[in-house]
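One structure, as structure tokens, below. Some questions next.
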Amino acid sequence: TKRRFPWKMIIQLLKIVLVTGQLVWFGYDRSSHVNFLIKSTVSFKHLFLQGWDPAYETLPYPAPLGIFAIYTIDDFYLKLNHAWKMYNEVWPNSIGSFTPNAKNHTFPPMYLCKTFFRDGWVNPRNGSYSLHNQPVEECIALTKSDCEFWNNTTNSTEYSYDIKEYLQKINKTIDFDSLVKMEFKFSVRSVHLKNFDLGRNEAECFDFNITILLDNSAYSGQMPVTLDADANPFICYEEDEIDDTEDDISLAFIVYDIIVIIFSVTSTILCSRSLYRAQRLRSDTVMFFKKQRGIEMTLDDRMQFLNLWFIMIIINDIITVIGSIFKIVLALIAGSFIYIPSTVDLYEMCGLTLGTGSLLVWFGVLRYLNFFEKYNILIITMKRSFPDVLRYLICALIIYAGFTFCGWVVLGPYHVKFRTISAASECLFSLVNGDDMFVTFSVITGNDNVYIWYYSRAFLYIFISLFIYIILSLFIAVITNVYDIVKHYYQHGGFPETDLS
Amino acid sequence: TKRRFPWKMIIQLLKIVLVTGQLVWFGYDRSSHVNFLIKSTVSFKHLFLQGWDPAYETLPYPAPLGIFAIYTIDDFYLKLNHAWKMYNEVWPNSIGSFTPNAKNHTFPPMYLCKTFFRDGWVNPRNGSYSLHNQPVEECIALTKSDCEFWNNTTNSTEYSYDIKEYLQKINKTIDFDSLVKMEFKFSVRSVHLKNFDLGRNEAECFDFNITILLDNSAYSGQMPVTLDADANPFICYEEDEIDDTEDDISLAFIVYDIIVIIFSVTSTILCSRSLYRAQRLRSDTVMFFKKQRGIEMTLDDRMQFLNLWFIMIIINDIITVIGSIFKIVLALIAGSFIYIPSTVDLYEMCGLTLGTGSLLVWFGVLRYLNFFEKYNILIITMKRSFPDVLRYLICALIIYAGFTFCGWVVLGPYHVKFRTISAASECLFSLVNGDDMFVTFSVITGNDNVYIWYYSRAFLYIFISLFIYIILSLFIAVITNVYDIVKHYYQHGGFPETDLS
Amino acid sequence: TKRRFPWKMIIQLLKIVLVTGQLVWFGYDRSSHVNFLIKSTVSFKHLFLQGWDPAYETLPYPAPLGIFAIYTIDDFYLKLNHAWKMYNEVWPNSIGSFTPNAKNHTFPPMYLCKTFFRDGWVNPRNGSYSLHNQPVEECIALTKSDCEFWNNTTNSTEYSYDIKEYLQKINKTIDFDSLVKMEFKFSVRSVHLKNFDLGRNEAECFDFNITILLDNSAYSGQMPVTLDADANPFICYEEDEIDDTEDDISLAFIVYDIIVIIFSVTSTILCSRSLYRAQRLRSDTVMFFKKQRGIEMTLDDRMQFLNLWFIMIIINDIITVIGSIFKIVLALIAGSFIYIPSTVDLYEMCGLTLGTGSLLVWFGVLRYLNFFEKYNILIITMKRSFPDVLRYLICALIIYAGFTFCGWVVLGPYHVKFRTISAASECLFSLVNGDDMFVTFSVITGNDNVYIWYYSRAFLYIFISLFIYIILSLFIAVITNVYDIVKHYYQHGGFPETDLS
Amino acid sequence: TKRRFPWKMIIQLLKIVLVTGQLVWFGYDRSSHVNFLIKSTVSFKHLFLQGWDPAYETLPYPAPLGIFAIYTIDDFYLKLNHAWKMYNEVWPNSIGSFTPNAKNHTFPPMYLCKTFFRDGWVNPRNGSYSLHNQPVEECIALTKSDCEFWNNTTNSTEYSYDIKEYLQKINKTIDFDSLVKMEFKFSVRSVHLKNFDLGRNEAECFDFNITILLDNSAYSGQMPVTLDADANPFICYEEDEIDDTEDDISLAFIVYDIIVIIFSVTSTILCSRSLYRAQRLRSDTVMFFKKQRGIEMTLDDRMQFLNLWFIMIIINDIITVIGSIFKIVLALIAGSFIYIPSTVDLYEMCGLTLGTGSLLVWFGVLRYLNFFEKYNILIITMKRSFPDVLRYLICALIIYAGFTFCGWVVLGPYHVKFRTISAASECLFSLVNGDDMFVTFSVITGNDNVYIWYYSRAFLYIFISLFIYIILSLFIAVITNVYDIVKHYYQHGGFPETDLS
């Protein structure tokens, strides 16, 4: 068929450039935003957790250390006292501009909450216990004055951070046998200055609701200590603002986003038109066949009229438009034009949509490579091998599901890589592709249960051999086969003709 | 053949759902159980081993640290004194509800056992030694009063934990030249509260028999220190139990397990019937051929009557029934209906049977995919390539066995991944599949024996090249070939017919 | 065609030996040079950075520790004071022969530079801030006398290194809210004795401009501390030089390099001549076809006259000559015959050119293997599969680009392996080839955003399955296909003939 | 051809059992021997190296720490003083039975050796230096009395280990500018009790010559500290030996070894006979063809008479016999029947020969599988694809060599995996097989030279793509092709006949 001036192609190619440009800029902006949140949490861990070590900040797997936990009651109070002290002294001791979330110039208290079984007790000596109801939570507020005292020798106000002593003073005790968890809750404010290396002095303001959790719910003598910082943005304003180059820059970005939206909408309209025309042609043809030849067209033949490329491009455009709108909203927030409380999730949603949009935009290019014969062979092979591969994947997935469940149940408690169902699946998937095999074997040592040791060896050898030697090889066989067929048709004048021709 | 209403299929599909549900619940329960045991052991290491570091709690390979060991005599006594002190003070110093296993309100002693050569001595100066018999063990009991003393200045009972001094007092010495190993043995009780996040306040009680082993059997100056906690369950009872929702929940699970058993038994009966019918048909056919045509049927033809799918399903059902019975027994124990001393192994056995059962249940689904032609091709290919692959695996395994033994003997002492025969096999298996290659090379450095260095290079290059470039490629060739044959038969009207048709 | 005495081949083979020899010697020399610079930087970190740990000197990935940073203001001054003290005492406290870069016998000061917002302030309590202009830098010189004081008790000059106190004395303050970064700048000299194990006592002299950077630009409370040592060579001279064997050795190397140049030039001339002759033949042929048969030769046919091997060899020769000239210049510098300020980059450029030259020289050998039929098949297959593979790579790259951008934007902030676009690309490339899969999954844990968790799983499963199961398999299909064709032609009398024959 | 009773096969199969049994026993024995040496060296590091950390005892790659080194002069003396002190107090402070190598009841001195440039000096301030000759070594003996002094307050002999003070006392100085290396040399004796868990109380005695090296030869301010323990066995004797079960056991093992030798010799004789017969048949045939048909047999045809299996078995037998003889000698040494000074190398040689022997014995089994048709196909495919694969490997190796040299020169100084030529080769080999890819990328960070960064990316992407996508795929193509041919011949009545038939 003759082709008119390829408007659609030009638009698609321009879209790639535009969308990628938009993406890259957004990526840098978001990276700065998320980095601040992550780094701040690291700072809190260094400030508030006594004994925190930079080795805990590396990859979760392979971890260089066991979990951060406490085992003795002395250590328990040490951790609590340190957090209490650091909260009261975070300003001005910390390098970050963290201040307690003080309203009305009063220093806000921190809350010490214990979750425990009321009237519960445990007597391991004879194995008796009593746990009537569900655990309840009880909080006390620790104000700054609670730790203040007058030092007579130095004649000055001093602070003594001793939770144990304080609890005794207010007639509270902690019974570790019935304790489920202990939480320290407080809130800290911070300002994130950003983009000043780009000539823009922007800022984001956050309330961090920090929770230090000492978790005794496993009752195993090991009490993991974690710190969680939940960031809530609040609006901050620049005083004495003079120039407005910043606003100009923000505006430029908004205009850019609008251009992307215009392109996407145009592209959607063009593709919809094509789809619509094809559908009209289809109904005409169906009618023709029915009337003239008295035969009903098959579903497969009808599907020939539905161009999946156009559908993909339309989905892509919709996602891109949504992402761009999110981005404009974020720009408006950053420029203080509008105010929306939780921008954190907006960033996530914008990232997800723009990222997925970009992925599909690149896929769309394949459509245009399709017009060159040599490329066509490859794309056709991919397309035609898809159903076979998918069918085959289903067979493989059933066997895989069996191994995943079995591995999770049998090896899970002894093997860090099978601890959850999703981890077990990821581990087996990695093994199929040749990753981390020796480590997977070595995690279960002879010191563990000997049955488990034998089972794990049999399990892993059989699983890996089965998948790599049979199932992966069969993939290659399937695709080689399809390629041969496609190649053969090309050399002998195209694919066998359908009823339509 | 026409198919009646597919009872068997419905039952199999329901079985998948039921068995997987059962498995998932059991998995979570067992995970909590095993986790408690593992975490408790970690707690004991932190409590009783002086100098224990969380870095020892990570993966055994790649280990971030060398082994936990002592090298000087001062360190030896430091470790012993710490363990003695901590045992006497574990309650109430530990966060876990650990108490010494006190019967009759007396504080039980801990036992210090040394295994040594009686009258043995070693004189490295001139290389003479004398070791008459086999090593003997000698234990002394360390009671709490052994370390008590009256402090005159503070007028209070204090405790001094000094094993060296105490041994001198009772006229015992430790001669490190003839010492084989030193053990510290004591017992600690604990209660595991569990499932209260599910509304059930259950508990398990355990006696942990703890052994701290300082092992000098290598006589190399390095004395590895290990702690082993052997958990023995004992029955614990809840006082003042009011509601019985817990019992209801336990009952519900038992009913669920019984339903699984009923399904499995039904499935077994149906499959056995089919097998029986096929066998009757077979004997009829054999008779017919013998009488009418005078020919003996071949074993291969006879095997055609044996449906391996049914056999697999029957095995599967038996395993599932056994696993479900284990599970019911565990539920009865948890509900305190019956009492069996060692539930630890029951959990293991239940996990192994349920896991294997689930694996086979999923395999069984393939049988029903088999009825669709497109899937059939793939499953047939897998099935038909199996004998070839197996035969081929035998050839590969023979070469592999040679490399495993050779690698273990030659590289074993210098290479952590060849230390045991099973590790050597796992290492080579991982290498074949592309894992951890550079690390395997790098473990043997030029600082080791230079012959070994050259040998290891030659060994690894040849092994990997041989297996990846020739043997793995041949797998692909074999399977591609089988796939081509199967495909060809499908396109030309089915498989060649046998005598029977 | 008959072959005369194979001058070109002899020259090529000699070139391999010569170039490889030259390369190996240069490699050892350069390695010693670069090692000194790297090791010196490590020494500076140990000397000037308080709290530096050897664990920071391992691989950047997987890092055993989080980044080297400070979090409290006390720690900030601790780091500064330590660096100040060590600079003043580096001689004679360090093992290396490091001395401050003292001109005219005065002890040079070190410079403390802060970059900050003038009149900027931040008030996190209510989220107001004021940042008028861009950050400015302000430096103060810290001379040795600034920390000197007279100790009356010991009657001696002592040194007190307390930056905080000193800043107060000179009325300077550090406001961390408006601080962008803090830098400590100083310069240290060192002499690198080398090659004395080869009987040559050579030396290189360097000025190290050291910058300790405490970077607050992220305003997250975490202030990463880095040390950067910029090496500037300066000429050093040996006193009382007696023998001149060293010069002889240097000369020998220069002669060797010149021989390499001569060989390369000869090889270029021979190849150019062949190319020229082929071109003349081509124009004759084109003329002939046009005149005699009236047909225009196609571009493909014309390209047949252009021997790509010769072009590769010529490029190779040019690169080798450039590299050799660099090497001669370096030898002249080492022998103090000439003086060029910055030899650091010369070493790099020489390494790059010689290395690339050597790579191409080895490629050139393939040309001669080409003359044997059995090898020819393989090389031809490689050559003929190249265009298909390349075309296929383009398709794959487009999909790959989509995944790279999408992965970077969506996963980047949460995943260390997607932090930059190049890292994301390397990570995906490694995944395609089966590397580091489980780790890649595990970096994103359920504790992060739950959308991201699901997205990452979907992203990775789809990407890996698509690339390994379809795209990689198709590579094998393409190449198997080409090999079959090539093999077929060989067995049936060569390739189909072109117009020319 | 008809087969007589398969003596050769029976002998080969028995040999597998015998040789593997021999190997396993030897493996355990050797493992205990080498383990003792390795563990002792670890003990020495813990005893004599101040600041030694168990993290240095893990894998050399990926290392959890930078190298063990010192940077300041204070640290230098700290290390020396510690080693001096520990040597004088190793007995009885160490757990191992280590004693100084005391002859004639005198306590042997330790030697402190410095290697330095006599009259050499360096002045980094102006870059002048003077190094006349080669470095020389100078040792001083440190006896125990050198550190003895009389403490007046406690009225007892005390020891002060201060090398710096001592050197001043004897008018020696250490000039770090001209220092090449510092060594501490001393000797320690130890007894290795072994095999008492097998009922045998055996012992090995060793002199460990220990050298602590502080290496300044890089002059970079970093002085790596290493400890090397060279083990020399000496004879030790058991006093008051009573029973002789030990000798009986030793004898049993010697008898076992002799049986292995007998089997190997028999196997050699049988195979030689077969080879001889085949050669006689060959010369007859050659004669026949020459005389009767006047044609000269080709080399290929003649090679048909040479059974490579037999040659492999003969080589295998010879290696096994040598290994068994080594093993008997070791048993005689262990039983104190004969005395040979250095048994360390004997163990190595015995391990190498027995290991290689075992490898070949397993290969030999393939010959007997060859007799079954189905297995034959696979072995023939392997055999016939061998020359093609080898030829192809040569092409690949040439390209590979180019990349190895180039990678070593260009990336070597910046990349731990390209530091030596052998490491570069191992790294590239691992990359081809899909290992450790991301780590290899990540080692070179943007902080290094930016040219190197770009070069490394281009280098790695091109190398990996070329090898995995083209070269590895071609392997599969080659082998699939050979398999198809072999399969085809089998289905159509065997291989094409040669002249001989």
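Miscellaneous remarks
Read from first to last, the chains carry the letters A, B, C and D; within each, the first residue is number 1.
By our rule, contacts are C-beta pairs under 8 Å (C-beta built on N, C-alpha and C of every residue); 3 or more make two chains touch, one makes a residue touch a chain.
As the structure is a prediction and not an experimental result, all values here were calculated from the model.
Distance between Cα centroids is largest for the pairing of chain C with B. Interface residue usage between chain A and chain C, two copies of one sequence, is largely distinct: under half of the residue numbers at the contact are used by both copies. Note on chain placement: the centre of chain B and the centre of chain C lie 46 Å apart, centres being C-alpha means. With centres defined as mean CA coordinates, chain B is found 33 Å away from chain A.
Residue positions 55, 62, 64, 434-436, 476, 478, 480 of chain D are each in touch with at least two other chains. Contact residues of chain C toward chain D in the complex are 20, 23-24, 26-27, 30-31, 33-36, 38-40, 42-44, 46-47, 54-62, 64, 92-99, 102, 189-194, 196-197, 199, 201, 203, 205, 234-240, 242, 348, 351-352, 354-356, 358-363, 365-366, 369, 374-375, 378-379, 381-382, 385-386, 389, 393, 417, 422-423, 426-427, 429-430, 433-436, 472, 475-476, 478-480, 482-484, 487.
Interface residues of chain B facing chain D in the complex, by the touch rule stated above, are 55, 62-74, 76, 117, 122-125, 127-132, 134-135, 176-177, 180, 216-223, 388, 391-392, 394-395, 398-399, 401-403, 405-410, 412-414, 416, 419, 421, 434-439, 441-443, 445, 449, 451-452, 455, 457, 461, 464-465, 468-471, 473-474, 476-478, 480-481.
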